[in-house]
Every structure is written in C-alpha cells, then in structure tokens.
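Shared chain: subunit A. Partners: subunit B in the first complex, subunit C in the second.
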Partner chain A sequence: MSKLQIGGTDLDSRLLIGTGKFPNKQIIPRVVAACGTQVVTMALRRVDLSSQEENILEYIPKDRILLPNTSGARTAEEAVRIARMAKAMGCGNWVKIEVISDNKYLLPDNQETIKATETLAKEDFIVLPYMSPDLMAAKRMVDAGAAAVMPLGAPIGTNRGIKTRELIEILIDEIEVPIIVDAGIGKPSDAAEAMEMGSAAVLVNTAIATAEDPVAMAEAFSLAVKAGRIAYEARLGVESHQANASSPLTGFLFEGGN
Partner chain B sequence: MSFFHIYTEYKNLDFEKYLDQVTEEDVIRIIKKKIGPDDFLNLLSPAAEGCLEQMAQRARQLSLQHFGKAVLLYTPMYIANYCVNKCAYCGFNVANKINRKQLSMDEIEAEAKAIAQTGLRHILVLTGESKAKTPVSYIVEAVKVLKKHFDSITIEIYPLTEKEYAKVIAAGVDGLTIYQEVYDQKIYDKVHLAGPKKDYKFRLDAPERASAAKIRNINIGALLGLSNWKKEAFFAGIHAQYLQNRYTDVEVGLSLPRIRPHVGIFSDIIPVTDRNLVQIMLAFRLLLPYASINLSTRENKNFRDHLIPLGVNKLSAGVSTEVGGHSKSSKGDGQFDISDTRSVAEIKESLIGKGYQPIFKDWMNI
Partner chain C sequence: MQVNGKQLDLDNITITALLEQYQLSADNVVIELNAEIVPKEQFNQKLIYQGDQVEIVSLFGGG
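Our next item is the complex of A and B:
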C-alpha cells in the first residue's frame, strides 16, 4: 500500500479520526492505538489548557499529528482567529477549516472556507478544508493553498454513507491534492467504498465514538480503509450484470483466414 | 416579521379538543419520519403518552447522532436580585420582603474564582429586572470581569434592545437565555401584575433581537405550571424552530423549567407530572434534533440522571440561586428552591457512571 503524503509528511495510515462524542476521554488513546491513525482532529473550542484532567490534548498520544479544527466558526475571519489560537496554544501548524453557519444540517460554507484557506496557507499552515463537494470550490481551495480537500460524504453525524459519490468521484479525478472523505461515513464498508473509489483517506468520528465498543469499531475501520486502498491500487475489475461473450461486436473482424 | 404572527395563527386553537382525537397509530407514523409543526403538536397528545418508549428510542438515536455521548456542564451565577416587576410566581417580585443584594465588581470576581475552582468554564449570569440598579453598563462591566475566568458567558437578564444586545455581545457575551414564561397572552397578562415585564411582545421578540445582533446561542422555554402544558410546549417548540429557520447560524436551545416552590403569592399551579415533562422533552427532540436541551436543578437528582440518555445535552451543576451564593457568607435570598443539590464533582462522576462525557469547555472568546 502506498504512503499518503500531506503537506510534505508521509503517512502510513489513511484513517484520520475525530475526538468528539466519545463516552469518556480515557478511551481515546485506546481508540488511537487500535486503528493506528496518525492524524487526530479535535475542536479547539474543547481544548482546555487550564485543567490537565479535562484537556483533550492529554489523551492524544504525542507521536500523532494534531489536526485542530475550527468548529464553531461562522465566518472565515473567526476560523482564521481560531487557527491562530491553536498554533499559539501549541497544537502545531496543521488545521482543518470548518466554517459553518447552518446549525441544522451543519453544512459547510464553501465561500468562507476558500477565504480562510487563502489567509492561513499564506501563514504557513497545512490547511485541510472541510467542504461540500463542488469542483470549482475545490479548485479554488487548491489554488489558495489547501494541502488536501475534505468533501463530505453525507451531513456530519448522519452515518448515511457516501451519498455524494458522483461529486466526490469528480473531485478525485480532477483535483491534484489528496481527497479525504470527511463526515457521513457510518460503517466500515462505507469507508472501504470511499477508498475503493480512490479517496486518499477518510476521517471518521461519530461512527466510532457512538459505537457500543469504540475500540473494536476503530480497528474495524482501520481494516476496511486498508482493504479499500489495496483494492484501489490493485485496480478493481469492471462490474457487469451478465457474463461477457468475448467480442460480440468486433469478432467479425477476426473471423476467416485474413 | 415576528413570532407573534405565528402565535396569533394558533392561539385560538382548542388544543385539548384537537389533541383528544389523535390516535396512537398517528403518533407511531410521526415518530418514523421528519416532522413539521402539526406532527409536533400530535406528539403532545394523550395518545402520545402511550408511546413514550418509542419516542424515547428515536430521541436517543437523534441525540447520539447530533451530540454523541457528551453533556455540557455550566452553573448559574446570580449577581443581583433587585427587581421592579410584580410577577406572581417569582421570589424576586418587588412586593416580596426578601433580602436584596447586588454584587460589586470585586464580589463578582470572588464569586467567579470560587466557581472556576470547580472546573466549570461556562457561566450563566442572572439578575432581576432593574434598569436603575443593574443597567446594561453594569452587565457590561460584570462580563468584562467574568471573561477573565470563563470561556463562555450566557446572560439571563431583562430583555434588551438589539443595540443593547450588540453591546453585551461585544463585551464577551455569547449566549442568551430568556423564557417567555407563559405564551398564552391572557395568562401572561394575569401573572405579570405590574412592571415593564407586562410588555408581552417586547419579551417575545427578545431572542430574535439578540439573534439579529449575532449572538451565538439562544435558549428559550416556558415556565411549566402556569398554563396548559401542551399548549405552552407547542409554542416554545415552534418558537425555537422559527428562530432556527430565520437565523441559521444561531445554536437554538430549549429548557423545560417546571415551577418550583418560591417566596411569593402564586398558588394556581397547573401540575405537570414527570411523565408530562418527559413527553415534552421527547417531542422537542423529535421536532428539533439539532437543538440543545437544557435541564436545570429544578428537577431532582434521580429524575435528571434518567433524562440524560433521552436527549439532554446541557446540565447545570453546583447550583445556588442566591446572590453571592458561591463565595459569600451574607447572601441575598434565592429566586426559587433547587432540587438537585449535587456539587460539580458529584454530577461529573454520575455522568461518567452513565457512560456520558462531562464537557466543561465548548467555546472560547475568539
């Protein structure tokens, strides 16, 4: 399986995980270990440096890359401020931009996200924007300096799978930076589907965090992501609903002794 | 536009008569789909009381999807109990001979330190209504002090104008809690005997003015026990939905305060049973899967613990309704008697025991 490269860093694992919604923080290191993820996202709004026990950063193993996200930002300006705070608080220079001004479906605002990407990429952040899958918006994010693009498979938390498949396939074909499917992935088979399509990685939170056994579910996701990636690299055979005759349309060209 | 137009559309509906003809089959059908205002009303019917388990299963699933196994903790901090209103149901009623107090900035700081020591990062600041004693400038000064100790500040004070909301937001306020108390306008007029609070519409539109001023969180509700609970719950629910539809970037929340014993004269309480309260909460969750549901210490410990998996995602903890109640020996009298008297540490432990993560910080001043 090939390595994934983001912002100049090689990653062996193609599964990124989120840290919200877990029944307790103590389980997070076990989840990380079970799935071997190398990139862990957390909402900066939840980072509490004033309390060691409550500080989410204490539960993320130090050898993993922190991906602070700007959850709660309603505009590009707020996202930029949150990203700068994350850097100042020692969370490194990776950032997942989330700009959401829709509290019902939590759908991202692509336009504001492009603006925030531009500002933060100029400040040497490794920027991973979360977005609604749209080709032009993705191109603009890449032009603005995005290190990867993270389209949603379905609205956050819905566990509904890759509902935006057609649009994500276009991004995979046309966008040169890695496409990471974020949000909507409800089961390991959804993750495998995204990987078979050619996504570079997936980000999973709700499906692991709200499972009865999050540690076992994290391992299941890790296996599915690997299987999907290996299948993609092995080039899947073409699907067909019937058995194929060898050359029904052009066979006549090769008949006879010419 | 104002929610008042929607209130007017429904206010003459005979709620009891309408709800009596709803069947259990109607309710079961509704639980399985996305619901609108009329479906929501059906969930408040007597027939729906027979379907609480099915409603609870769906509510739990929606809550997990939106909030996961996480519950935000906060505590109220009363900074003054001076009030010019005569509200029949409230301990702060101007006619009540209670011990009145207003904290100085130094006292607010001491109170803030005492609360912050428990680990809480979200605070709810309360006053009575007295523009002479606690004007907007006093609130702004208090917020500046509290900002040093907390990551999120919600106010529960008298209704302001949009400009005044903008002022307190600029000072560091990110949330507003304001209950209409009672949506039935006739009863509203009856229980608000005198004072600026008699202005029904100015209070009704307060959350909308704060939303227009770009506040982040709005929490509304009806004080259950003052009027027919089915009608009140219906209006509170569709009021929240109205606000969310118009102000998509605001996080809308609902509380279900049940009237508690207090110093006062109101005795015509219409009982709201535990079962009724659960039915309201589940109906709220099914109508607004994304809305916060907030549960205060008006309810007892055992009941609160059971309600969490049904959809509660905000809980108050370590509560005192007295002015200076967290730090001072000479306190002002409280607004009402609380029922769950557990400390922050005790509530935290209880949440963990139930498989829920207590969240102390979910915002910061940016």
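Our next item is the complex of A and C:
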C-alpha cells in the first residue's frame, strides 16, 4: 500500500479520526492504538469557568499529528482567528478549516472556506479545508494553498454514507492534492467504498465514537480503509450486465457425447 | 472586565493571577486579550484591566 503524503509528511495510515462524542476521554488512546491513526482532530472552545475540565491533548499519544478544526467559525475571519489560537496552543501548523453557518445540515460555506484557506496557507499552515464537493470550489482551494481537500460524504454525524459519490469521484479525477472524505461515513463498508473510489484517506468520528465498542470499531475501520486502498491500487475488475462465467464453459461429462 | 462573555469585577491583575483564580493551567489554554493572542511568556507580566475583553480557550473533543 502506498504512503499518503500531505504537506510534505508521509503517512502510513489513511484513516484520520476525530475525538468528539466519545463516552469518555480515557478510551481515546485505546481507539488511537486500535486503528493506528496518525492524524487526530480536536476543537477549540471557550473554557467553562465554573467547571474543571481536562485537556484533550493528554489523551492523544504525543507522536500523532494534531489537526485542530475551526468548528464554531461562521466566517473566514473567525476560522483564521481559531486557527491562530490553535497554533498558539501548541497544536503544530495543521488545521482543518470548517466554516459553517447552516445549523440544520451543518453544510460548509465553500466561499468563506476558500478565503480562510488563502490566509492560513500564506501563514505556513498545512490547510485541510472541509467542503461541499464542488469542482470549482476545490480548484480554488488548491490554488489558495490547500494541502488536501475534504469533501463531505453526507452531513456531519449522520452516518449515512457516501451520498455525494459522483461529485467526489469528479474531485478525485480532477484535483491533484489528496481527497479525504470527511463526514457522513457511518460504517466500515462506507470507508472501504470511499477508498475503492480512490479517495486518499477518510476522516471518521461519529461512527467510531458512538459505536457500542469504539475500540473494536476503530479496528474495523482501520481494516476497511486498508482493504479499500489495496483494492484501489490493485485496480478493480470491469463491471458488466451480462454474466461472464468464472469456470470453463466446456461441458464436463457430456462433451462430445453420443 | 469581560472573561469568556462573563462580566467579572477584577482590575489590574496578571493573566497568571486570573488563571490561578480559576485553577486553570497555563499549558492548557490560549488567551486572547482584546482579540489579540497573548504569548505564554507574557502571562506573568501582562496586566488586564477593567474594560478589557478576555477569551480563555482550550482544546476539546471534536471531529
């Protein structure tokens, strides 16, 4: 299986995971170990002054790449502000841009995302924009300096699978940076589908975090991502409507009979 | 001053003192003072005053 390169870094694992919605933080290191992910996302929020909260970083192994997201941003300006805070926090220079002002479907604002990508790439961030799969928007993100593009398979947290398949296939075909399917992946088979299509990687959070056994589910996703990638690199056979026998078609007992 | 949207009756204190008051570790937070990030090295000296807007931000689980 070939390595994935993002922003000059080689990655063995093509599964990125999020850290939201887990039943407890203590399970996160076990999930990370079970799936071998090398890139882990997290969010920034105001501290609640009335309660003592633990730092999520304590639960992420130190050798993983941190991918803070800009969730909560409604404009490019807010996303840039959050990204700078994440860097000041010591998260490194990777950032997942997420600009959302639609509260029902949480669909990203591609236009504001392009603007934020441009500003942050100029500040030497490795920028991974979360986006609605649209070819021109993806091209503009790449022109603005995106290190990868992260189209959604279905709205965040819905576990509905790759509903945007045909649009993502166009991005895979036309965009030179890695395409990472983010959001909507609900089952390992969805992850395998994304990888068989030629996605460079997938980002999974809800499907692992809300499984009854998140550690086992993390492993299942890891296997599915590997299987899908190996299948893609092995080139799938051609589909056809009519049958093509897999066994020899010559008669077995009756050939040349009578 | 306003800290994370809450009006607090404090004046002329360092960021370190403010964090101590809320039992927060400097390692776990980023501070914005009037929308400018304050480098951690300045937490001991930087004073905040009555009319200031302070944001104390930390990392949480997210996808």
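In this text, the second predicted complex is superposed on the first by the 235 of 258 C-alpha atoms of A that agree within 3 Å, B and C clash if a C-alpha of one lies under 4 Å from a C-alpha of the other, contacts with A are read in each partner's own complex, and residues count from 1 in each chain.
Definition applied: a residue touches a chain if its C-beta (ideal position, glycine included) is under 8 Å from a C-beta of that chain, and two chains touch if they have at least 3 such contacts.
Keep in mind that this is a model prediction, so the values were computed, not measured.
Trainee: Which partner does A:102 reach: the first (subunit B), the second (subunit C), both, or neither?
Mentor: first
Trainee: Have a look at where A:135 lands relative to subunit B and subunit C in the superposition and call it first, second, both or neither.
Mentor: After superposition on chain A, A:135 lies in contact with neither partner.
Trainee: With the two complexes superposed on chain A, say which partner A:45 touches: subunit B (first), subunit C (second), both, or neither.
Mentor: both
Trainee: Going by the contact rule set out at the top, does A:216 touch subunit B (first), subunit C (second), both, or neither?
Mentor: neither
Trainee: Between subunit B (first) and subunit C (second), which does A:33 come into contact with in this model arrangement: first, second, both, or neither?
Mentor: The answer is neither, since A:33 touches no partner chain.
Trainee: Give one of first, second, both or neither to describe whether A:21 is in contact with subunit B, with subunit C, with both, or with none.
Mentor: It touches subunit B and subunit C both.
Trainee: First (subunit B), second (subunit C), both or neither: which does A:236 touch?
Mentor: Neither: A:236 stays clear of subunit B and subunit C.
Trainee: Let me check the overlay on chain A: which residues of subunit A are in contact with subunit B and also with subunit C?
Mentor: In subunit A, residues 20-22, 25, 43-48, 81, 85, 206, 209 are touched by subunit B and also by subunit C.
Trainee: Using the touch definition up top, name the residues of subunit B that touch subunit A in the complex.
Mentor: 64-70, 119, 121, 151, 216, 244, 248-252, 290, 352, 355-357, 359-364, 366
Trainee: Which residues, counting only subunit A, touch subunit C once they are in their complex?
Mentor: 18-22, 25, 28, 41-49, 52-53, 55-57, 68-69, 71, 81, 84-86, 88-89, 91, 156, 183, 203, 205-206, 209
Trainee: Applying the document's contact rule, which stretches of subunit A touch subunit B when the two form their complex?
Mentor: 20-25, 43-48, 50-51, 54, 72, 74, 78, 81-82, 85, 100-104, 106, 157-159, 206, 209-210
Trainee: Touching residues of subunit C toward subunit A in the complex: what are they?
Mentor: The contact residues of subunit C facing subunit A are 3-6, 22-25, 27-30, 32, 35, 37, 39-40, 55-63.
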